[in-house]
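The structure follows.
A, B, C and D label the chains in the order they appear, each numbered from 1.
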Amino acid sequence: MITSNKIFHKGRIFNDPIYGFISIEDEIIFRLIEHPYFQRLRRIHQLGLTHLVYSGAHHTRFHHAIGAMYLTKQAVDTLKRKGTVITPEEELGVLIAILLHDIGHGPFSHTLENSIVENIHHETISTIFMKKLNEEFDGQLSLAIEIFNNTYPKKFLHLLVSSQLDMDRLDYLQRDSFFSGVVEGSISSERIIKMLVVANEELAIEEKGIYSVENFLIARRLMYWQVYLHKTVLSAEFLLMNTLKRAKFLAKNNKDIFATPALKQFIYQNYTLDDFDKHAIIDKFALLDDYDIMASIKVWAFHEDKILSLLASNTIHRNLYKIKLSSKPFSEKDVLILKDKTKKLLNISDEEVAYFVFTGTVTNSAYNPKKDKINILYKDGSINDIAHAADLLNISALAKDVEKHYLCFPREINL
Amino acid sequence: MITSNKIFHKGRIFNDPIYGFISIEDEIIFRLIEHPYFQRLRRIHQLGLTHLVYSGAHHTRFHHAIGAMYLTKQAVDTLKRKGTVITPEEELGVLIAILLHDIGHGPFSHTLENSIVENIHHETISTIFMKKLNEEFDGQLSLAIEIFNNTYPKKFLHLLVSSQLDMDRLDYLQRDSFFSGVVEGSISSERIIKMLVVANEELAIEEKGIYSVENFLIARRLMYWQVYLHKTVLSAEFLLMNTLKRAKFLAKNNKDIFATPALKQFIYQNYTLDDFDKHAIIDKFALLDDYDIMASIKVWAFHEDKILSLLASNTIHRNLYKIKLSSKPFSEKDVLILKDKTKKLLNISDEEVAYFVFTGTVTNSAYNPKKDKINILYKDGSINDIAHAADLLNISALAKDVEKHYLCFPREINL
Amino acid sequence: MITSNKIFHKGRIFNDPIYGFISIEDEIIFRLIEHPYFQRLRRIHQLGLTHLVYSGAHHTRFHHAIGAMYLTKQAVDTLKRKGTVITPEEELGVLIAILLHDIGHGPFSHTLENSIVENIHHETISTIFMKKLNEEFDGQLSLAIEIFNNTYPKKFLHLLVSSQLDMDRLDYLQRDSFFSGVVEGSISSERIIKMLVVANEELAIEEKGIYSVENFLIARRLMYWQVYLHKTVLSAEFLLMNTLKRAKFLAKNNKDIFATPALKQFIYQNYTLDDFDKHAIIDKFALLDDYDIMASIKVWAFHEDKILSLLASNTIHRNLYKIKLSSKPFSEKDVLILKDKTKKLLNISDEEVAYFVFTGTVTNSAYNPKKDKINILYKDGSINDIAHAADLLNISALAKDVEKHYLCFPREINL
Amino acid sequence: MITSNKIFHKGRIFNDPIYGFISIEDEIIFRLIEHPYFQRLRRIHQLGLTHLVYSGAHHTRFHHAIGAMYLTKQAVDTLKRKGTVITPEEELGVLIAILLHDIGHGPFSHTLENSIVENIHHETISTIFMKKLNEEFDGQLSLAIEIFNNTYPKKFLHLLVSSQLDMDRLDYLQRDSFFSGVVEGSISSERIIKMLVVANEELAIEEKGIYSVENFLIARRLMYWQVYLHKTVLSAEFLLMNTLKRAKFLAKNNKDIFATPALKQFIYQNYTLDDFDKHAIIDKFALLDDYDIMASIKVWAFHEDKILSLLASNTIHRNLYKIKLSSKPFSEKDVLILKDKTKKLLNISDEEVAYFVFTGTVTNSAYNPKKDKINILYKDGSINDIAHAADLLNISALAKDVEKHYLCFPREINL
C-alpha cells in the first residue's frame, strides 16, 4: 500500500458541481493529482475564513486547481479550432502549469501568506514545488515550468495561466460565486472562452465579446467588495493573523507553545528563501495545512498568555473585531481613545493593545492595465486595450485603485 | 361555464421556475389575473422575436407581470419591517399597479409598438385598461391607478412600479437571463430588495448595497447589447416591422389582405387616442395578440404583392437581413450602392427598396439620472445619487448614451 | 433574399439555457435546421397547453430537437471512446435521425394528434417529411431514415433515437423540468450517457449506472403525473380537442367557419395516409402550426354556434372543465345527473352535452419491458433486463400500467 | 471581547447558496448559534470524507442545522395557515429542537460515531448538550427538549424534527445533492412542505403530494448508493476508522501517541454515558472536532508503529483500500488468500492483517414503515400509510432492506 501504484485509466472522472464531469486524459496529470504535494490542497480552504460569513464557502484549492485546468482545456480546444498551433506537448504543459499554479499556497492561503513564511510569495514556493516534482517525474514538467515562469516563447500559453483574463480567475469567480451563494458574481466562462483568440502571440478577445469582458471585470469587482474584502471577512483574517503573530512573538521569547509538529517548526523558526533551497524546508512546508493552524489555535485558547488565549478563543468562537470601513483615514485621536479604552478594559500594555486596535488600508482595482492588458481583436484586424474600446467608457474608471481604510477594535468598546 | 365564477382559495399558487411558488392572497388579484384582459398576456411574448436567437426565450408578459408582483410583495415586506408605514390598501394598490403595468402591451410588444397603433404609448393603453377594469371592479383599482400614474402622495410606491430600480426591471432581468441562458445577466433581486429603504418619501438603497446596484446596472447594460439589442434580434424586429408596414401600405391602397378579424381592423384603420376613449377601441385591441400577427404573416407569404410576400416569407423562415453595427454613421454612398444592387436583384422600385435597405441608430444608457435617480442612503443619514458615490467612479460613465448605427440589407448582397 | 443561400461556418452556435452552447459541425445539419419544415417547429409548443398550469412551459419542439441531437452527439462520443465503431456517416445519420424525429408533429402535438389528421401517427408523418427532404438533399438522408425506421443493421443507433432510454427522453425530461420549474423531474443526462455501452449490438448501461436509471424512470413517472397528465393540463387539452371537434362537425354540416387558410383545409377535409402520399398534402401540413389553431379559436369565440363559441371562449380565457381523477370508474348514474344538470344550465341537446360532460381513462407505465428493455451490462459480461436487477425490486412494479379514470364537467355544476 | 455580548438585531441574515437569505427572528436562536457548542459544528463536515470522491462536499453540520431550521419554519407557516394551532412557544421550541438536533455529533460524524466514544449514540449526546444549554439559558429550552425527545403532547412537532419525512432529511438531501453535484438527488422541499398537513395529531401529506413523496424516497435511495454508501467513500471511512482503532489500541498498550489535547483524552480513556453525566465529559467532548482528528493523523503518518503509520499515511494521501461490493457474501477462502498475501507483502501478523483485509455488510432501506409511517391524507378524510397507496405499487418494495457485502484489501494485492 505504498503510494502511486494505482492503475491509470484514460478518462478518469472528477465530479464538479459547477462543470459536471471533468475527465483526466493524461497519466502524468493523474499522477500529479495523486501526489501528496497536490493532495495537500484538499486541506487548504480556497477562501480561508470566508465561511464565517458565507457558510457554504468551504471549497478547497484542490477543487479550484482542477477546475482551472478544465477551463484551460476548453480554451486550448477553442484556440486550436481557430487555427492557433498548439502541440500536444504544449497542451500538456499548459495544463500542468495551471494545475500546479497554486501548489505553493500555505494554510489559509492569502491570510497567512506573510505570517507563516515571511517575504516569500506563494508563487515562488509553487516554482520550488514544481522543480522538485520535475525531478521526481524525470523532467516531464520542464515545459510547464517555462510556461508558468513566462520564459516559453509562445507567450499566450502563459497568459492562459496568469493574466487579467486567465483561466485561474475564470474558475475562481464562478466557484466562489457558487459556493458562497453570491449569484451576482457569476460569469459565463463558456462565452468568454469561445471569444478567445491568439493575435500577435498575445491572447485577445474577439470584438463581440466586449460586453462579456466588461461583465467579468464588474463581477470580479463585486466579488472583491462583497466577498474577498467583505468587512467581516477582513476582521476574521486580521484576528487570525494577529493570533499567529502573538504565538510567534511568544515563541521568540522562548515561551512554551503547543503546536502540531508541522506548525511548530514554522513558529519557532524564521525561514528564508535560502532555507527552502538549501535545507529541504519545502518538504516540511508540504506537511502544513489548515488543520495544523486550527488544531493549534484551539489549544492556544487555553494558553496562560492572556493575549494569546483571548485572540485564539475569539478566532475559534467567531468573536470578531468590530470593523469600520471608510474612504478617508480614521482620525489618530479616535484611534488613541479606542486604544485607551481597550487597555483599561483588558488591562494590557501599550504594545499589547496593537493586537486589538489597529488601522490600515485595503486596495482593489478591477482592471490593472499596467500589469498586462486585456486585448480586443477588432474585425478589421487591429488590436487594442479594452480600456480604449469606444463604447466602454467606464473601463478606464475601473482601472483606478479603490482604497478603503479600516479600523478594528474590540466589540465591547464604543467609538 | 360563464367566466369568473371560479371559487377563490387564499393561497392559490403559481409555479415559477425562477422563484418557486407564488401564492395569491387577495381575491381581487385572483380575479384580475383571471380576467380576459390579463389572460391575453399569455399570448404575448415578453421578448418578441428574440427566440430566433435565444431559442428558450418564449416566456410571456403574463409570467413577467406575476413575477414582478411577487418581487413587489417582497419589497413591501422589507420596507414595512424597516418601519415604513404601508397600509393594507396601499399594499394591495401597489401590487395591482405592478400586476397591470404592462397590460397595455400589444402583440410583439416593443417591436410593433408604433406599427399597430401609431403614436400611442403602451403605458397610455395600460391606463385605459385599468380604468375599464376599475369600472368593472367598482372602483377597487382607484388607488392602484393613482400609484401607477404617480399621483399618489407616497411617491415611493410609484417608484417600486416604475423607476430605474423598479421591480419591473428586477424581474425582467432575471427572467430574460433565465430563459435566454445568458447567465451573466443574472442579478440578485433578493439582495437588492433587502437593501431597499424609504428616505424622504423616496426609494433608496442602503450604502452597503452599492455594489449590488452597480452590478445590476452593468448586468442590464450587458443584457441590452447581448440580448435586447443583439444585432440578429434587431434584424428580425426590423423585418417584422417592415412586413406590417407593407401590409398597412397595401391596405391603405385598398388591396385585399388576409388578416384575422382582430388584426384586420388595425391594418385597415388608423386609430387615435381619441378613438380609444370614445369608440371603445380598447375592446378590439384586447382581442389582439401575437397569434394574430404570426397567423396573418404566414398567409402573406403567399400574397401577390411581391414585396409583402418576400418580407413575410423571410420573417417566417428566419431569412433575416444582414446587419452591420458601427459607432459611426454609414456612408451614404455605400447605402446607395446597396440600394442599387438590391433594386436590380429584386427588380423593385426606388420606394420599395426602402423595405430592404435602410440605416438608423439604436441607443442605450445603462443609467439615466435625468429621469430619476438611484438614491443611496448613507450611514450618516445623507442621501445621494449613486452617480456621485465615491468609489463607483464609473457610474457617471454609465450614464452616457451609447449610440450605435445599424445598416440592414439583403443577405444576398455584398457590401 | 431567397432561402438557403446563407453561408455555413463550422461551429455555428445555438444557445441553450440547459446545455450552454450547442455547436453545429456539419453543413447538412445546418441546412436542415434552416429548412422551412424544421423552422416550423419553432411555432409548435413542446407541451401544448401545459403553460396554462406551468407558466414557463412555452418551449418548442425546435429547441427540443436540437437538444436531443446534442445529447446524441455526447452519446456517440462516449460509445466511440469505449471502442464501439461508429463511422462518420453513421454518426451524421443518427444525428439527422434524432434531429428530425419529431418533425411530423402537428400543432399542439399530442393533444391534437388525432383531431387534425385522423389515424395517422406523427412518426409516420416524420418519415414522409424525411423522404421529401431526402429528395431535396440528393439522398443524403438515406442512412438517417434507415436508422429512424430501424432497418439499419447497427440496431443500437436506432435505440439512441427511440427506446426506453433514448436521447429524446433524456432531453425532454430535463427540458420540461427546467421550463416548468418541476425540479424533481431533473435527471443527470451526463451521468447516464457516461454509462452507455454497446453490447451484442444493443444499447446497455454499465452496472454502476443502475441507480441513475432507476432515478430516471421515477423522474419520468413523476413528470407524467405532475406535468404531462396533471389534471388541469388534461382538462385544458380535452377542451381544446372538443373545440376542434365541434368546428369539424360544423364544417361537415356545411356551416361557415373562419380559419386561417392552412387550417381551413384540415377542417373541411379528412385526409388519409394515401392523400399524403399522392396529393402532396405534406406541403399543406407543413404550413400548419399552433398559431393557426389559436388564431382561429379566438375567432370562434364569437361564432353563432353556441357550442363552438362557448368551447372556444373557454379555451381562450382558461375557463376549463372541472375534472375529477379516480382509480375506479365513475358511476354511470353520477354522469347522467351531471349531463342532465348541464343540459338544463346550457339549454343544449343530448348530443351536445357530450362536449361538456364526459369520462375516460389515462394510462401510464414508467417502464414497459414488452416494447424494448433497458439492458444492464454486468461486470462479468452478462446482460440483463433492469427489471431483473437484484437490488431494484421495485422496477417490476414500475412496469405495471397505472390507469386513472377522469370525469369532466362544467365548473358551474356540483357533483 | 468576552463572548455573547454581541447585539442582536431582528432579521440577522445567514447566506445559503440553496435557500438564499435565512433570517433569524428570535434572540435565543441567535444566542444558541453564537454559542461555542454550536460554533463547533462549523468544524465538522456533514459528510465526513465524502469529499475524497465528491470534491465539493465540504459543507458542515453548522450549515445543515441552520438549513433544517429554515425548512421547519416554512413547514410551521404552512401548517398554521391550514388551521393547525401552533403557539409562539411551540414554534420556537420546534425551531430550537431542529437547530440542535445534531449538536451531539462528534468529529467525522457517523464514521467515528463508535470509535471516539463507544456505545453512545449522537442523539444521546445531543440531549446532554441541550440540557446543559437549558441550564445556561434558564430553562428556555425545556419545551424544545420535550419535542426532541417526543414527550411533548403535540406529536407532530417531533415528527417535523425526526421521522421518515422530517425537515432534517429534506435539508440534507438538497444540501448534499447541491455540494456533491449529484443533481439527481434533488428534491422539491418547497412542494413537499406545501403538502404537509396535521391529521389526528400526526404529520401527513395531502393526496396530491403522493408523487413528490415517492420521488423523495427514490432520491434518498439514490443518494445512499451514489454518495453515502459509494464504495470509495466506504473505503475511506473504513480506513479512517481503522486508523483511530489502531491508535486506541496502542494507547491501551501504553505507547506514546501524539494527539491534540482534546483528542488525547478520548484516545487514552474510554468514557461511558455515566462519565458524561457525572464528570462533565461533555465539555471535553465539546472541544473535539474534525481538526483534531486530521491534525493528529497527519502526525501518526510518521509514527514508529508500522501499522499506524501506514494507515495514517494512506488516509492522508488518499491511498484507499480496494473495495468490492456484492449481493452475496465473499468466500472465506478468498478472504484467507488475501490475508495471506497481505501478511507477506507487509510482513505483519495475523492480528494486524485485520486492519487491511476485512469484510462486512452495509444495509439501506429507502422506507422503513416499522419505525414510523409516511401518512397520506386522502380527500375523503381517511389516512393511510403511503406503502398502501393504490398507484404506488413499488413503495412496499422500497421498504425491503437492501444489503450489500463489502470486501476491503490493499490496492497492491490482486484477488
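In this section, a residue touches a chain if its C-beta (ideal position, glycine included) is under 8 Å from a C-beta of that chain, and two chains touch if they have at least 3 such contacts.
All of these numbers come straight from a predicted model, not from anything done at the bench.
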Item to complete: Any chance you could name the chains that touch subunit A and subunit B both?
Response: C, D
Discussion item. Based on mean C-alpha positions, I'd like to know which chain lies farthest from subunit A.
Written reply: C
Item to complete: Count the C-beta pairs in contact for A-C and for A-D, then report the pair with the higher count.
Response: A-D
Worksheet entry | Euclidean distance of C-alpha centroids - subunit A vs subunit D, Å | 32
Fill in: Centroid spacing, where centroids are CA-atom means, of subunit A and subunit C in whole angstrom
50
Worksheet entry | Touching two or more other chains - residues of subunit D | 20, 182, 191
Item to complete: In the complex, go through subunit D and note every residue touching subunit A.
Response: 1-3, 5-6, 14-18, 20, 34, 36, 39, 42-43, 51-56, 58-60, 62-63, 66, 178-182, 258, 260-262, 287, 289-292, 294-296, 298-299, 302, 310, 314, 316-319, 346, 356, 410-412
Worksheet entry | Residue ranges of subunit C in contact with subunit D within the complex | 182-184, 186-188, 191, 211-212, 214-216, 218-219, 221-222, 225-226, 327, 390-391, 393-395, 397-398, 400, 402, 404
Worksheet item: Which residues of subunit C touch subunit A in their complex?
Response: 11, 13, 20-21, 81, 190-191, 194
